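Next, two complexes with chain A in common: one pairs it with chain B, the other with chain C.
On to the complex of A and B.
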């Protein structure tokens, strides 16, 4: 069905227009002219790329955000690697990004599989699971902060069910705070990942799975040999976006812990904000931002290579 | 973000009483005004004035502007009230962008987003050449309002950083603390409160500004009491945090308070909401903040809540000093089209008459040792202020804001067992550079 329709070439689908004037070759649909894109290219170039390059320029200065500055070469970058707390932030960032990628995708795909076809209440359940995605991350994080508070609902619930021994000062414990941040991030992203995978699952023909089942393939075998390869593009999209979001996490950290306790949950993005706007070290902050951008680029390319559609390679 | 403490805590004060009803402060004397407006007659007689208000009763900035306008017929001041929580970033962005109001609230010294000295260095602030301003500012210490020997801002008044204490509620639990109580009496009070299922103090452990202000209140006695020039010596490299016994004693005192159960359960991860909830529900009897918070809460509660400000008692064997800050300031833009008129306005704020009005938001007029000028909430701390046993708020002269941030974050680390006092102090030395 959809797969067949998807392969119909656009030129065949569209009725060829009659040739006019001197045009004697095959009929073509004129979609526009190349220069029509100039405004969009200029707008994107000036608002994104020029400003990014300007920011990168300040990474090589000691600008405080006010007044003049001096060029200091790569001093800011050297300082990044010589500051132990920044290396801690880098570790936290990578840990959160990987955890976010793994947990939100694993849970997201499980929900997508569960709510794909048979369940009657699947539409309402999909809506409920997707709902956190539309909420503001800051607002959601403040609600979770209340839940995690020492005298908050989580500890109260644990106490009510006789698990007082499990009560914790969740956001004040260095061992638990990062996990709390990750929990909130994953909780809010599951709906988005689920929808991405549902879109992918819609392209898997039920007939194919039925045929495999008749041939004796079990659930796991059908998932591994049919479903997983066919939703490869969805996996690439969901994991790439999760990785990027995980690497640049800021809102949840700012609202839940503020980088504490004692910098235990500080990430690169929160460090950039702190160095730039709190300590007014715009040059140093720009250097860190440049590094984070490079890090996201490297990880995204690597991740894209890992999750690319192998069937296209041989095509 | 140490000096933001004042503004933020006053913001919290507004939230402390959920059913707070805004009340107007008593109208202050109109006065005769300062210098004549004739000297600035050719300039535009309308200028803008930006400030933040912590709550509906925090109208001291408006009041001083109203008094100035009354004394200078024909002059109009356009108020620009900005949100308190984002004030520093907002005003800094406007100053940097060349879009500053003619006059605006800022922070004295260096190290904060809206501190005046970086702006003065960049030539963005109006120099205040009126010699009377220098004379009026002298009691608060002229350096924090100056750059390169020139004055660029005036003070909003002084305030004691201490324990905002609900004596009535504490007495109900059998606890009695006064301005002359000792550290051991505080510890006894902690035990008494704990026995009743309450806490003597609330601490927002996740907010570095709150934990650091407690450290400053104690270090005022253990460090700056015996050595008032400690900051200058640190700047010269003669002393260090890690090797100064007073700093170790201050942090150890906080650890002792924590170990003895003086703070509410979960203090290490608590935010300001824990203070407001704990105070309003009667679960705790005091917290650490600039003294102006006491008056704000009282006013916001319509007089239903009575609070007092206590100096934090020094550990045994050390004399108690009160931490007094005059960090909140008013400055003016170098681009103002009414430089003489705006300078007159700032001179009025710095004058005793202007200070009497504007200092209602902070505590008392700069340098005042007159008991009659101290607010009613200062009854317990008044003897210390009048006797001059006070020291300036330490971070105003520190090298950068990170030193104080790491003090606050480090105390959270001490409470959670992440760090020792020695590690926190070593980090602060590293930050100083």
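On to the complex of A and C.
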């Protein structure tokens, strides 16, 4: 505990006192001009704010992308909920996002706990496990497409261990294709989640765990009562980002299945792309995009509520 | 406590096995890319190629082949767009964050919140109107348009990371420079700019990876034009190959090499960029 307490005054001392500078300085200190902000504000304003607002506007029209359009109220949304294929894409998206959140966080935290300290190979293993994160999801998906192929490594392995009965064309099965997409997504996210949790674990002082162990707390008890509360900010970040990425999934679907077989792996993002750019239904695509955005916002806010911590994140 | 006991050894072995299982796809990727099409069908996917061949890479990249032009063009376009975006984000993001973090006026904080909210705002909804707008301005299928779009979308992240950095940077440096007679531009260019390289590294790595690996935006804005980025080129090329995995994996490896080479040299910065960038 003394170590943490010793660190606080040092940090405070390093903190500059803004008022003092202004008093003692001979002239007003020049901190740049306000108009330096203009290019960034304009770029972000047009590419994010203006486009999002007009996207929400087109969601209530039947615009095809060219020519004139009519207001059709909430017809687009009614149509979404009356089309089984689109409802399927909605449940697929939710299922993928929740599976993505749960599996990548559970596996990621296990790796983080194992590689936090003591292990001799921890640095090299961290580097290797993080590696998939930096690669393009498209490239990674192509590798996995081969793994799931009928004459691919997965079926070969099943055959070698005597499970020939399980051999099948994984991506061609409507029941299993979604699980394959999820596997690829989780595989690529584990390293990121692990690193987020490692950053959190680094803030847990070993002395605290030691003291708890001396008081007779077992491994599980120490994890529940010390580690878990202290890495709360990491949990909030890792789960929120996983959920957002999961809801937006597009690349893996495009590369692995193209939405098939029989629309079994369509997600909201892949449907938006199809409706808008293949079928030229801008208004309808915008309505789906508005739905996806609303989902992301609702989930993000709910997530923040659930995982909120008493201490400020990154304070 | 936390000594290396027998239990630790068991954990270490289990973790290594788990990591090996997790990294198997890389092994499959590597061995398959050096096999002939015939060997891929006949040998186990895990087996080393009997006689390693470079034929796949030759087929792919030799000037005579039909694909090499596209692949090199894709590589060039990806470099150009990613590089341009990073420069834009560093130049605009740093000065914006600097002014916003140093001003004591109200508008500074309000503008900062504008950027913060933009980080959370989902981009899907804006993509369609952005496409229409860019099309009307002639910016679709155009690398400059792409750089502007990526910059606009990633500036909030850049401003956020730089602001976190400048808020921790003591003002004494700038005060000293001002006393020595430097003007505002000089203070920023000569004093602040050299100090901010850690933040610049984080911005470059995070935003660079997002740009380089982006598929959705690149597919919409660049597919079918002469300025396709590498992921789009790869997607189209693989679509034209029917399960010729040896060739597909050669393309995949070519597309991964630039990033992996970078990762091997700067893996600490990559990992810190992700962990530290999120914390600040």
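Simple rule for what comes next: the second predicted complex is superposed on the first by the 268 of 315 C-alpha atoms of A that agree within 3 Å, B and C clash if a C-alpha of one lies under 4 Å from a C-alpha of the other, contacts with A are read in each partner's own complex, and residues count from 1 in each chain.
By our rule, a residue touches a chain if its C-beta (ideal position, glycine included) is under 8 Å from a C-beta of that chain, and two chains touch if they have at least 3 such contacts.
Everything numeric here is computed off the predicted structure, so don't read it as measured data.
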Notebook entry, point to check: Does chain C touch more residues of chain A than chain B does, or is it the other way round?
Noted result: C
Checklist line | Touching partner for A:149 - first (chain B), second (chain C), both, neither | finding: both
Note to self: Quick one: is A:74 in contact with chain B, with chain C, with both, or with neither? Answer first, second, both or neither.
What the structure shows: neither
Note to self: Is A:163 touching anything from chain B or chain C once the two structures are fitted on A? First, second, both or neither.
What the structure shows: neither
Checklist line | First (chain B), second (chain C), both or neither touched by A:302 | finding: neither
Check: In the superposed arrangement, which partner chain does A:290 touch: chain B (first), chain C (second), both, or neither?
Finding: second
Margin query: Contact-wise, after the overlay, does A:272 reach chain B, chain C, both or neither (first, second, both, neither)?
Written below: second
Note to self: By the touch definition at the top of the document, which applies to A:65: first (chain B), second (chain C), both, or neither?
What the structure shows: both
Note to self: Is A:213 touching anything from chain B or chain C once the two structures are fitted on A? First, second, both or neither.
What the structure shows: second
Next item on the list: Share the list of chain A residues that count as touching for chain B in one structure and for chain C in the other.
Entry: 65, 149, 151, 277
Notebook entry, point to check: What part of chain B is in contact with chain A in the complex they form?
Noted result: 1, 89, 92, 96, 113, 118-119, 121-124, 205-208, 265-266, 268-271, 274, 400-402, 405, 409-410, 412-413, 415-416, 418-419
Notebook entry, point to check: Considering the complex alone, what residue numbers of chain C touch chain A?
Noted result: 1-4, 8, 11-12, 14-16, 18-19, 22-26, 28-29, 32, 41, 44-46, 92-93, 95-96, 98-100, 102-104, 107, 111, 114-115, 118, 120-130, 132-133, 148-149, 151-153, 155-156, 159, 164, 170-172, 174-175, 178-179, 182-184, 187-188, 209, 212-213, 215-216, 219-220, 230-231, 234-235, 238, 243, 245, 248-249, 252, 255-256, 259-260, 263, 267, 270-271, 274-276, 278-280
Next item on the list: Spell out the residues on chain A that touch chain B in their complex, using ranges where they run on.
Entry: 64-68, 145, 148-151, 169-174, 177, 257-264, 274, 277-280
Note to self: Applying the document's contact rule, which stretches of chain A touch chain C when the two form their complex?
What the structure shows: 14-16, 18, 21, 25-27, 29-34, 36-37, 39-41, 43-52, 54-56, 58-59, 65, 111, 114-115, 117-121, 125-131, 133-140, 142-144, 146-147, 149, 151-153, 156, 187, 190, 192, 195-196, 198-199, 206, 209-210, 213, 233, 237, 244, 248, 250-251, 254-255, 269, 272-273, 276-277, 282, 285-286, 289-290, 292-293, 296-297, 300, 313-314
